[in-house]
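Scrolling down, you'll hit the structures one after another.
Next, two complexes with subunit A in common: one pairs it with subunit B, the other with subunit C.
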Partner chain A sequence: MARQLPITILLLIAGIVAVWGTTISLTSETPMDREEVVFWHFWSGPDGKVVDDVVRRFNESQKDYYVRAVSMPGNNFDMKLFLSITGGDPPDLINQDDPIVGDWAFRGAIYSMDEIAPLEEVERMRKWLLPSARSLGEYDGRLYAVCNGLDIRALYFNREMVEEALGGPVPVELESVEQLDMISELCTQYTNGQLRQVGYLPDPRRLWAWGPVFGGDFYDEQNGRITAGDEAIISALQWMQGYRERLGAHAVATYRQNDQSLPNKMFPLLAARYAVILDGQWRVRDIEAAQEVSRTKGEPVTRYGVWPLPVVSRQGKNGWVNGNVFLIPRHANNAKGAWEFIKFWTGAEGHEKDAAETCAAGGWIPVSKQVVESIEFQTYLNEHPLFARFVEFAATEQVPTPLVPGASRYYREVNNLVQRVMYDDEVVDLTTELKILEQTMQEHIDRIQGRPSFAEEHADE
Partner chain B sequence: MAAEARGIHRWSGWLFVSPWLFGLALLFVYPFVASLIWSFSEYDLLTSPRYIGTDHYERIASEIVQGKGVGKALWNTFYYAAVSIPLSTMLAICLAVMLNWQVRGQAVFRTLFYLPSMVPMVATSILWLWLLDPRDGMVNGFLSFFYETPPLWFQGIQEGVSISSPFQFGSKDGLTLMSLWGVGNFMLIYLAALGDIDTTLYQAAELDGAGSLQKFRYITLPMLSPIIFFNLILGIIQSVQAFTQVYLVSEGTGQPAESSLLISLQLFLAAFRDLEMGYASAIAWVLFVLLALMTWGLFRSSRNWVHYRGVRI
Partner chain C sequence: MNKAAMKWKWMALLCVSGIFLLPLLLMLLASVKPAEQLTSDPYTLLPDRVLLENYRDALEAIPYVKYLANSIVLCVGSVVGTVISCSLVAYGFARLKWRGRNLMFAVMIGTMLLPWHVTMIPRFVLFSELGLYNHLAAIILPTFLGDAFYIFLLRQFFLSIPEEISEAARLDGLSELGIYWRIILPLSKPALITVAIFQLVASWNDFSGPLLYLSDHEKFPLAYGLEQFVSSYADQTHLLMAASVMFTLPMIILFFVAQKSFIRGITMTGSK
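Let's look at the complex of A and B:
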């Protein structure tokens, strides 16, 4: 009996493994005659349904490839990806929205599109993309990521509040930041000494937008230098600091934190907490939904509008862009299939109609003028005039967070500094602090660039 | 025959413990040794580790001197531990003593006070984000009677237990309050230990004319000292490992302005956001050494204040 026990246990384990293996093969949904493309993304809820629909349409249109979408909501997406790459079994395609393209491209974690697709096809794709969409995927002169949806920020305003404050019509566009300051001051209201309504309050994360608008650059691409200490960026931060000085650090911090306590993280503009707020195009849906509720209830419908960021200097850009990008991890099993899916989703190479349908369903900004101009998308824009303005802004000079190695930390460190400036009454020498940040980040980037990349190390594979 | 049976018996034993041994080697010994090697290497998860000597340790030392990066995170962790551990120890002992009183509904009270410890950390964090909202939160609603400008909690970079901003509570103080809410586990251990104290000690003290406070000071506390010691070590380790709640309330960045950047989050960001696995491993080793030193110091000091069955060891 004692002799048979180990053998019995081993047989039992083998049996469990065998049954498990069978279950795995049974759950595979990919048709036998097609190559599987594994696609990792982080969408869920209503957006997840839009993604499922794009995948379904692609799969129906295909004979060669079959996309299997894996939704991975949560914050450990990057960790899982890197473990899968080092483990030798990465997905074929991923979606990302963090400023990581330059970093991952430098480290060789992702393919440049010209390593997968014919060069002329990639060139066509580059020209076909809007400049703002192209800028989100280019590193060292090559296209490493293809944007599938742009995120553009602009100044939403409550028309009733601004009209009342100005005592007349609302301007179509702001002429200057001084005009924004003036509107902000007129619309700011207190109750019992507490801020009840703010005209405008700069979000500490948006020095990335205001810096370029003031004419600054966070990175000198030609010389490969971090330029956080740029005069124009200092000016932008000084301007943001002015709001803290006028309202007080305590009031600013309290007010910002209170935004988070709104039910379901409601858009604070709808809660009448702000007269003007900088946010992205996805808020149009919230506004339309709120207006619809008011109409249904027979209540007065609040009107909202949107301004582009005002022009500050001649060298200034129009704003800051980020968005979702497709990336193909190195050693993906089916990079070519992933490329086909990228073209289908974005609308390249004759798929404009499909892309228009996707963007309209998701409320996403198309990445190409051709998709915007398609009849399907024009119909959508006519029905959503507020959203149409964001599409208009997307075609202007919008700059991304620099695509450099170590950009994630750079992004974080800048935000940390601005939070210190905005949430504390301590007097900070902005020039010195930005120069220190510039030096620290330069050292960080130099350190990363001083090592071989994954692509170089695995050149033979 | 007997020798053969013994041989089989021995092999069976190894076979039965093999899953554990395999797990120990794979999930503990290997990462332990690997992280030590990586701490002397440039390693980004994607490429092979490249030996660079003590660069990471020098960088950590320089950051500690400048009070930036690891230095800032270590300070935050020290502050969090130094405030939360004594408070949670005191609160847990007080609650345990009170819940040990023979009153009607004792079991109900015990359950009620233990319940918060069973709430998942994610739910707890969301709840406290609401409770500590500077304007509409319930806590500030109460504190507004005493404060002209109520604390900012998770949005504040101030430190409430400091000379520069006394009672102006910021993000770390918010985390401390959260930790106090989950004090039930410690309380349960104290409660069990209280039940273990020999009642004849109290009877003897009463005969000598000792009052309640004296009994608490000279019997309860010394008899609880091994448990206090145990919980102290556990508390230090938990403070250093605090991650989920910090990640949630600071949106994974240690905001505002790194004021809630505890060392575990700093380590996570270095490893998986900045892909500096070698640097993160060095941080982990510095932490390991610091924890070992603190534990050693506590063990040394325990000779003076920990009593095992009334005897100091």
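Let's look at the complex of A and C:
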């Protein structure tokens, strides 16, 4: 009997916990007189609290709809959604990263906003969104997704390092990529022949930013053609390759690898590994936190600044944009309620003040000029001058990864090629490789779309 | 074995145990470290100061009790389903003589070769057609349909029980179901406990089932709920570690409580 006691106690505890757990409800009951809107997102932790607050404010403001937010684990989110559609119980609204918009719109997995909302409201929304935000949701001339937060990349710099290297004041903006190269060279330092500090090193994933800055386009929307072999994109890649040639493929690869081993995804700029680095607005939080720690400890506070990407060509764009978007899955039970929530979150149709509060709480870039100009958000920007620069850049010409079916693969293939160019010892013929990639991706997209491939079209020639 | 050899053997065993315990120890220590220490000085073993608040914060970040309750429901349901169904099928394969038995047994063993992913979508469609999508029953119910590995394990054990016992029972007028229930099952306790423990651990750690069938966080078990930390708390390692300790703890307690059965199970199957 004594031998059975621990197991009995364990079973008893398990039983109590099971009964206790079943009495706990994580969500409040949807009021009888309101329609429920199920919203799946992937935020939790501090961001999750911001989302909960938006949902609370929306529910308090509403008489018709009641949003029930569900924080889903981020991994396998896509699979989960498609299974829920197959299972006949999809959510009414989801939040997702932008590269899937073209693919899902083409597959008919999501509604176009004009299918679920009044046409005039959708048109107003299109005009109201910043061009960069609008571009993240448009496929085939229709608005399939509404951006709820923009991600903008710019060049962060360590003011102390750059000042010391230049022996004088830091420019407000870079005039050219040559100036960036010069600063990079001055700030790069070695110890015993090993790279100790790098001025600037292009990230292989950022040909998507530098290509358009050099005047290139990854996709010809009018003709529906992939244009990875664009002259300007080749030039951008050649420029990136220049860093590998100066520093050495092995050194570049090792240095980047060591960035990955920084604890807790630490921003390498804060670890003084770079003088200049291309990254997004969310790093402002990291910088401000690091500066606060220095102040608390009574240590000297390192100053940082932000440059926009320099102008390279007259046709050049200002950079690359991506972000989170709202999507309404097909067969959603309450698409109209989802649309109301989208308007509330983004600030459309008179909700600017609410959106400003959301963006300020989350440190997110608003998707409309009207929200940026609201008094509430201007107060936030005054307190965060570094972040304010990103908001400024968001209003310039920032281009997304093309919204086409198969965009995720296109994104991946380009990055893989640039990685080879930057890290491998082999010398890559950029023009040939980009042309091959262009053809491969065109065939891939044609296959998806069921159109004849380029080769089939030209079979008679 | 002389004393010196014994000493070396113990030393070697301690070293190996230390290697296996190290990840658990690191997890435990990281779970009480301040967040800033994990960021600025992650390679120091001992915490600068012990922060038990990490556990409180982790508990606040996810509905731990709710997820734990769901895990318990899943574990209990799955264990009951597995033990009942597998022992019945194993009895049929081990103690009853019928035409095609060996062929059917081979076919059943063949299902072990099918990766879970192959049957994933058909199973999903089946259960969603049955209206079980987003119900814990979608994960529990299949365990009532048997599992090839456990059936094999139990069949082998049932074969080792002398046939004469069953014969005697039959002569005394006991039905096959009666023999199964009154004779075979009581004699097979070690094997049944082994199967129960294996299934318990599998259900506790199951990630794929909830990923496939559950979309309401009211129904998430711990193994799946913790994924929220992995995707959203990547820079809050201290909370992730605290949550991981709390996830591992019930299994460790269970191991110590049912240590003998665990070890017997390992020796019975020759696997971990």
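Quick note on the criterion: the second predicted complex is superposed on the first by the 421 of 461 C-alpha atoms of A that agree within 3 Å, B and C clash if a C-alpha of one lies under 4 Å from a C-alpha of the other, contacts with A are read in each partner's own complex, and residues count from 1 in each chain.
Heads up, the rule we're going with is that a residue touches a chain if its C-beta (ideal position, glycine included) is under 8 Å from a C-beta of that chain, and two chains touch if they have at least 3 such contacts.
All of these numbers come straight from a predicted model, not from anything done at the bench.
Visitor: Touching A:7 in the superposition: subunit B (first), subunit C (second), both, neither?
Guide: Second partner only, subunit C.
Visitor: Figure out whether A:406 sits in contact with subunit B (first) or subunit C (second), or with both, or with neither.
Guide: Once the two structures are laid over each other on A, A:406 reaches subunit B alone.
Visitor: Is A:427 touching anything from subunit B or subunit C once the two structures are fitted on A? First, second, both or neither.
Guide: A:427 contacts neither subunit B nor subunit C.
Visitor: Report for A:42: first if it touches subunit B alone, second if subunit C alone, otherwise both or neither.
Guide: second
Visitor: Could you tell me if A:79 is touching subunit B, subunit C, both of them or neither one (first, second, both, neither)?
Guide: both
Visitor: Counting only touches as set out at the top, which of subunit B and subunit C does A:18 meet: first, second, both, neither?
Guide: second
Visitor: For A:32, using the defined touch cut-off, is the partner it touches subunit B, subunit C, both, or neither? Pick first, second, both or neither.
Guide: Touch status of A:32: no partner.
Visitor: Would you please give the residues of subunit A that touch subunit B in one complex and also touch subunit C in the other complex?
Guide: On subunit A, the residues that contact subunit B in one structure and subunit C in the other are 6, 75-76, 79, 83, 86.
Visitor: What residues of subunit C sit close enough to touch subunit A in their complex?
Guide: Residues 36, 38-40, 42, 61-63, 65-70, 72-73, 76, 124-125, 128, 133-134, 211-212, 215-218, 224, 227-237, 253-254, 257-258.
Visitor: Which positions of subunit B touch subunit A when the two form their complex?
Guide: My answer: residues 5, 8-9, 11-12, 15, 42, 44-48, 50, 68, 129-130, 133-137, 149, 152-158, 247, 252-258, 269, 272-275.
Visitor: Report the residues of subunit A in contact with subunit B in the complex, numbered from low to high.
Guide: Touch residues, subunit A against subunit B: 2-3, 5-6, 9, 75-76, 78-79, 82-83, 85-86, 103, 107-109, 194, 204, 250, 253-258, 260-261, 406, 408-409, 412, 415-417, 419-420, 423-424, 440, 444, 448, 451-454, 457.
Visitor: Name, in rising order, each residue of subunit A that touches subunit C in their complex.
Guide: Per the stated touch rule, the residues are 6-7, 10, 14, 17-22, 24-27, 40, 42-45, 47-48, 70-76, 79-80, 83-84, 86-89, 91, 263-266, 293.
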